Every structure is written in C-alpha cells, then in structure tokens.
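Got some structures for you, see below.
Both complexes shown next keep subunit A, but they swap its partner, so subunit B is in the first and subunit C is in the second.
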Partner chain A sequence: MSDIILNTEGVGVTYQESIIALENVSLNIPAAKLTAILGPSGCGKTTLLKVIAGLIEPSKGLVKVRGKEIIGPGPDRALVFQDFALLPWATVLQNVAFGLRARGVPKKEREDTSLHYIRQVGLLGFEDKYPHQLSGGMRQRTGLARALTINSDILLMDEPFSAVDEQMRRKLQEDLLHLLKIESKTVVFVTHSIEEAVYLADQVVILSGRPGSIADIVYPEIDRQGDIDLIRRQPGYIELVDEIWSSLKRYVE
Partner chain B sequence: MAVISATVFAIEGTYFLSNVDNHSHVPTKPETGSAKFDTKASLLLWRSFSFLLVFTIWEIAGRSDMSIAFPPFSDVGLAFVSMIFSGEFTAAYADSLPPLLIGLAITIIGGVTIGISVGLVRSAEWFITPLLIIFQTAPVSALIPMLTYIYGISDTSKVVAIVILGMPLVALNSYKGIQATSPSLLEMSQSFLATRFDTIVFVILPSAQKMIFAGLRLGVSGAFIGIVLAELLITPTGIGDLITYNRFIARYDKMFATIVSILVIAGGTLGLMRLFEDWLFPSEKDK
Partner chain C sequence: MLNRNPGKSKSLKHHLWFSRLMRTSPFWSLVFWAGVWELVGQMGWMTLLPPLSHIWFAFTELPEQSAFWDAFAMTARTFSIGLGLSIGVGIPIGILMGISKRTDKILSIWVNLFLSAPITAVIPALMPILGIGDATVIATVILFAIWVVIIDTQAGVTHVKDSLVEMGRIFGCSKLKIIFWIVIPAAMPEIITGIRLSVVRAVKGVIVGQIVIALIGFGGLFNTYLSYFLMERFWALIIVVFVLSFTIIGLVEILERRIAFYAKTR
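Showing the complex of A and B:
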C-alpha cells in the first residue's frame, strides 16, 4: 500500500449533545488512490467527508493531512458537491475560477487555468453559459473543474453523481477514471452505490448505520490500467459487489 | 378616507403592473432573435389591452349615473393635460418632491444598510427583527398625525412619514434576502478559502439581490403612500393639498387627475429601478 496522505483518528461527531452522527472513525487514506466511503443513507458518510474537508469540527478525534492536524478547510483539499453548489448568476468560467479568485490569482491567469480544466472535463465551448443552461452532468463537470483548478492533492467528492441520471452517471464515472490517469489525485468519494464504489475505488470503507462507524474496509483489486469498458466484466467484480451487499444489508432499515 | 384608500390602491396597482416585468423574462428563453421580439411585442400588446380595458370600464362607469364624484376617464384625462399646462402640477410637486426625494434616499440607503448589516451580523438579529416586524404590520398610517406633535407642520414630518412607511419593508426584505443564501453555496465558498469579504461580495450579495430589489420596490411604493398620507393628514401642502382642495370644490376630475399623476410618477420610478437593476446585474437579463 502506498503512502498515507490523510488519516482520521477516532473521529466522532455529536449534534445537539445527544445525536451521535459518527463514532470513533479511524481511517487511512492512501495517496494517489481512490477511496470510497459507502454506507446506508443517514449513516454519516457526508458528515465524515465534511469533517475531512474541515467544514465540520469533530466533537472527538482529529484529522491529519501528511501527519499535520487540520484546522478548517485548506488548500490541500478541494471539494465537489452533491448539489453542485454553482453560483447561478455566474458563468461556467466564473464558477470554475471561483477558487482561484478567492486566492487572489490575477484575472488573466485564473481564466487561462480555468479554461484548461474546462477543456479537460469536456466543457469547452460552454464557458460563457450559465448553470441553468446546462444539464445536470455538465453542472457537475463544472463543479469538478472548479475543484481541479486549485490544484490540491486531495479531491473530496460528496455523492457527486447522485443527482444525474444513470447513463450520465456511467459516463461521468468513466470520465473521472480517464481524468485520474492524467491528474494524479487522491480521491475520497462518498457514495451510496455499491457498484459505483467497486467500479471506481481502490479502497472501499463501509460505514454502519447510525451512529456511523467503520464496519469493514475492502480493497477491490481491479485492474483499471487497461480498458475502462472492461472493468465491470472482470472476474471478482460481481462477487465483490455481492460480498459488500451482504455485509451492508443488516444496516439497511 | 376614501381618497386615501384610492390613492393607496392606485400606487399598489402601479407596483403590480411594474412587477409584471418579472415574468416577462420567463418565456424569452434562448430563442432566435425574431421569436424573442415576437414575445416582447405580444406582451406589449396584451399590456396595452389591459390598460385599455380598465380605461374603457372606467369611462362606461363614469358615464353612468353612479356618482358625481366619479367622473369618466376622458374628463380625468383632459383635466390631467390641463393641469400640466396650468402649472398646478408643477407648483404642487415643487412642494412635494424635495421631501419625497430626501425620504426616498433615507429609505433606500438606510433600509438596505440596516437589512444587510442585520442579515450578516447574527448578534444584531434579536434586537432589530421584532422592531422591523412591528413596523411592517402596525397600522403606521394611524400614527402619522402624531408626527405633528414632534416635528410640527414641516417637511421633516413628511420625511419621517415616508421613512417609517418605506424603510421597514426595505430593511426586512434585504435581511431576508441575506438570510436566504444557500447554505451549500456558503460551504462552497468556505471550502475554497474565500475570505468573509469575498463571500459577502461574490456569494451573499448577488444571492440576496432579487429580494433586496423586491424590498426596494415595496419600499418605494410605501414611500409614495407616506408622502400622500403626510400631506393629507398633517401638512396640507403639495400634492396632498391638490387632492384635498379639488375634493372640497368638487372638481373630482382634477382630484383623480392628481392621483393619476402620482401613479405615473411612482410607476416611472419603479421602472427606473428595474433598469438600474438590469444594469447592475446584466446576467439576470438572459434568464
């Protein structure tokens, strides 16, 4: 296993002094790999991601990036949102450049960088459109491009493809794998889809139902170097999906 | 009192008319130029038809023997034109406009400033919100004669009347606009390390823009009601005096013409605000 870039130590989150969302989550995230956080709805997986992002302060435990404890959001982590979180009054280009603008990057430079990533996510030609003129898939590509521009090593994705239809989800998943071949990123990915987790991730963290704690960690040893179309036909893919389902089943309902 | 409610109705009527603009953007999605023009032209046609309908009904009702106090539209129109040339409007508005403009400036600047500040500073919320709600719902017009005790028969009374009728609406809507900023966008801004200042300028204010301008339109309508009420109830000068005087001498055509003139000016002001909003936020036009 490669170097650990991010880890959580005994993270617990309690809301309003009584509702326990997360309990004792200790997790290692390997660098340049894709980790999926999988669990039934309401298990606290988005909470865990927001703790890692620095948006929620854990009630217990801590999060470290390269061995250093984090305080709030940082330039080493970029977030992709479930609801896209695009500014409706801003164009694709302005949305993608948001992170760079916040960092005080001059206009010309931030537009060049943004256009580079707009091209990479396949949105070239749409840079002057507004979010309401785009499909769900294109909106999430905008969100992804925005996260890529700030060139952080860690990409945090909160159910990024759950708000788009099935065909678009498959396309976005494939495109993400293609993109990760070009850009070396550590990805932490929250999903409720077992197939999506096995398809994309090198490490699948399974959370139990509320309060969320780690139930199991599996490592799909799936070869993603070759043809992406063949991943779902690899031996072990179906078995692993079944295996995860049987371990997850008892937490559902 | 009938006159007051007619005035209030007239001004609110303008507000709704000018508000039709909000919806005019809906059908003009990204279409070809000519289709866009067609929609706009037909909208204009329908609006003119709506005016025509009201004026026709007014004319018919006025010509029937309903009441001597309800002249037909044509008489009012003639009175309107004659009053422009006789200088009656000029004299009345010379009295009414200065306090109206000062009151509007205080209403707009003060209301937006208070609303935004309260929206941004959590600790100010508990203090100001109940006050604003009281001012918004209380029958403030009943309090207006009381202003005479404090400020006498003066322009100050008029300005205060405008401000207490207009400013709570502006402040409350601005405050609500700020509060309604999507939590997800705030998280986004925070996670991309935007400073508080950048978040306010690039996320919160653009997000609140529609509510703030809606509040401004309500506030401006309130300000017009305020000046008329003040001039009817406290200081018989300017435009309020023109209404009262013509009612006393039973020149109802002139009385209604005066009310129409307020309607025209209020409508014009609201239209100018719409242009200002479009100029300030050009991207909204494409929607």
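Showing the complex of A and C:
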C-alpha cells in the first residue's frame, strides 16, 4: 500500500444543531491514487469533499494533509466543481489563469502556464472563447485546467462529469485517465455512478444514507496500465459493479 | 344592398387611416397633437393655454435669460451630486447588505420603507434643517434615487452562485479579492439596472425638489412665471424639463444596452 497523503479522523458535520450530514468518517487517501466517494444522493458525499477541501469546517474531527491538520482551503488541494464555477465574463484563458492570478503570478507567466494546461485538456484554440460559447464538456475541461495550473498534489472533484451527457462523460473519463498517466496526482472524486467509480478508482468509499458514514471500502483491482478501452471488459469489472450495487441498494429508497 | 351604409364605411376608413398614422410613427402623433394644441390656443379660450407657436417663440428666447441658465446650472449641479452620492454610497451599502445577513436585517426594512414612501412629503421637513438651497435639492435627489440602487445591488449580490465564491476561496482569494473579482462583476447586471432606475428617479427628484421648495432653480422660475401669468415661458420651461429628462433617460438606456452583454453571458 502506498503512502497516505490525506486522512480524515472522526469527521462529523451537523447543520443547524440538529441535521446530521456526516458522522464519524475516518478515511485514508493513498497518494497518487484515485479514490471515489460513492453513495446515494443526499448522503453527504459532497459535504465530505467540501470538508476535505476546507470549504466546510467539520463540527467534529479533523482533516490532515501529510499528517498536518488543515485550516481552510490550501494550495495543496484543488477542486473541480460540479457546476464548473467558471466566471461568465472571463475567457477560457482568464478562467484557467484565475488560480495563478489570485496568487499574484505575473501575467506572462500565468498565461504561459495556463496555455500549457489548456493544451493538455484539449482546449487549444478555444482560449479566447467565453464559457457560454462552450459545450458542457468543454466547460468542465476548463474547470479541470484551472485546477491543474496551481499544481497541487491533491485534485478534488465534485461529481465532475454529472452535468454532461453520457458520451461526453465517457470521453472525459478516458481523458482523465490519460491525463493522470502524465501528471501524477492524488484524486478524490465524488460520484453517484457505480460504473464510474469502478472504472476510474483504485479505492471506492461507499457512504451509507443519512447521516453519511462509511458503509464499506472496496479496492477494484483493475489494470489501468494497458488499453483504457479494455477496462470495462476485464474480468471482475461487472462482478464488482454488482457487488457494490447489492451493498448500496439498502440505502436507496 | 351592398352599399346601404356608405357613410359608415367612409368613417371607418377614415378611422383606419387615422389610427394607422398614429401607429406608424410617434413623430406624426406628436405633430398631430401639437396641431390640436395650436388650434385650441389660437381660439383664445384659456389664458393658461397659449398657442404652441407662442410657446416656441418663448422657448427660443429662454437661453437669453440669465435666470434660466442659473436655474439650469443649479439643476445640473444638484442632479449630478445627488445621483453621484446615491450611486457611490448605494452600491457599497447594497454589497454590504448582500454579504452580511446582520446588516441586511438592520437595514432592509428601512430601505424598503423609503423605496415605496412618497418622498415628496418629506421635502418640507428638509427645508428647515438643510436650508433653502442646493443641500435640500441634493437631499431630495438622494432620497429619490438611492434606495433602488441599494435594493438592486443587494439582490445582485445575494444571487451570486455559491460555487463561484467557493471557487475564489479554493484558490486562496482574500475576502476583498472575492468581492472585487467575483461578487461585484457577477452582480453587475443588477447593479446596472439599479443605476438606470436611479437615474430616472433622480430626474424626478431634482425637479420635484425644486418645485416643492418653489424659490430656487427651475422651481423658482415656474413659480415666478405662474404668478406673473407668463404662460408662454411657463410652458416653454415645461418642454425644456421634459426634453432634458427624456434625453438623460434615453442616454442611460443606450449605455445599459452596451453593457448588457454581461447579462447575456450569465
């Protein structure tokens, strides 16, 4: 087992003193691996991701990055948003460069870095377009490029492919795997799709329904080194999807 | 049988011709009613309503009077100061109310109260405090114009998507950077609408203020003309005031359309 880069210890989140969103979540995130957080809607998986991102302060417990407790968001963690969170009045280039601009990186340098990542996510030629001129898939590529520019070790993704259509989702998933072969990142992503979790993740954390707590953790031992197209045909893929579904079924009403 | 009622069909035809003319161009509608006015004025039934041609003559004479230019300068001065303060103070207050629930709770009842209150009734109370001069007119303009800026800015700020603000936090923006780089640009369409509405209200405020005080600016002139029965000049001044407000509001609408791409891209 590889090193643990991030872990949560007994994290609990309570809203308005009575609504328990998360309860006693202790989780280890291995470095340079993909971890999926899977669960029925409303189980608090996005809340858990936002706690890890530092956007929500947990009511109980804590989050550590490399053994050090986090206080709020930090440069070691970048987030890709479900609704893309792009500035509508800014071009793709300006949006991608936003994180660097916030850090005070000079214009020339931040544009060079941004163009590099725009090329990497396959958006070269679209850098002067505005978000409303792009398709959903391209918007999310912009969001991904923006997250990559700040070169953080941990990439957090909140249902990144849920707002795009099925074909685009598959394409984005494949592109993400290709990208992660070049850029070594620890990825934590939230999803409600069992197939997506098994397809992408080395570790799948299954959350139970309200209040969200860890129901199970499975490790899909799927070989992603070879041809990405063959992942869904590997022995064990279908069985694992079925296995997760049967353990998840009881939380879904 | 077919032509049993030729008179009716003729009048119908006449009616159609008339209404089409009124519809095709607002200019012809204006010309028509100006003609009616001229005729009625020429009849001399009412001293209050002189013929339009006489008013036009008085209109061309207005620029020769120093009293007119004094009133014009005062109106321009109080209008710009009052509107500038309304926008300059209204936007920060609106932003503050949009980001802080506590400020919103304290202020929103007052803002809403003044937004719908008949401000004209308050002006006589302002005179003893601020005196008869620029200050009272400026205060009137502000009382007319500021509330809509505050309300619209606040609405714009509260409607900024949470994820955009979260995005700012993720990339390490300070509170100030989040406000200037994310919140204000995102609220811009509502802020611009607020500014446009406040210009409309400020135009009303600057005229109403002067008329209620009745001693200064255009209000003073109106009063003088009325008490000496200088109806031509009175009407000429009315036209000046109408044309001025129409022009200013028209300009602001053009400006708003230029910045409207913001709204489209949201």
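Note that the second predicted complex is superposed on the first by the 253 of 253 C-alpha atoms of A that agree within 3 Å, B and C clash if a C-alpha of one lies under 4 Å from a C-alpha of the other, contacts with A are read in each partner's own complex, and residues count from 1 in each chain.
One rule holds in what follows: a contact is a pair of C-beta atoms (placed from the backbone, for glycine too) under 8 Å apart; a residue touches a chain by one contact, two chains touch by 3 or more.
Please read these numbers as outputs of a predicted model, since none were measured by experiment.
Visitor: When the two structures are laid over each other on subunit A, do subunit B and subunit C clash or fit?
Guide: clash
Visitor: Kindly classify A:Gly99 by the partners it touches after superposition: subunit B alone (first), subunit C alone (second), both, or neither?
Guide: both
Visitor: Taking the superposition on A as described, I'd like to know which of subunit B and subunit C A:Pro235 touches: first, second, both or neither.
Guide: neither
Visitor: Please work out whether A:Pro131 is in contact with subunit B alone, subunit C alone, both, or neither, and reply first, second, both or neither.
Guide: The answer is second: A:Pro131 touches subunit C but not subunit B.
Visitor: Just checking: does A:Ala53 make contact with subunit B only, subunit C only, both, or neither of them? Give me first, second, both or neither.
Guide: So A:Ala53 meets both subunit B and subunit C here.
Visitor: Quick check on the superposed pair: does A:Gly67 touch subunit B, subunit C, both, or neither? Answer first, second, both or neither.
Guide: neither
Visitor: Using the superposition described at the top, list the residues of subunit A that contact subunit B and also contact subunit C.
Guide: Subunit A residues touching both partners: 50, 53-55, 73-75, 77-79, 81, 83, 85, 87, 89, 98-99, 102-103, 130, 132, 150.
Visitor: Would you tell me which residues of subunit C are touching subunit A in their complex?
Guide: 161, 163-164, 166-173, 177, 181-182, 185-186, 188, 262, 264-266
Visitor: Residue numbers of subunit B touching subunit A in their complex, please.
Guide: Listed in rising order, the residues are 30, 182, 184-185, 187-195, 198, 202-203, 206-207, 209, 281, 283-284, 286-287.
Visitor: Per the contact definition, I'd like the list of subunit A residues that touch subunit B in the complex.
Guide: Its residues touching subunit B are 50, 53-55, 73-75, 77-79, 81, 83, 85, 87, 89-91, 98-99, 101-103, 130, 132-133, 146, 150.
Visitor: Name, in rising order, each residue of subunit A that touches subunit C in their complex.
Guide: 50, 53-55, 72-75, 77-79, 81-83, 85, 87-89, 98-99, 102-103, 130-132, 150
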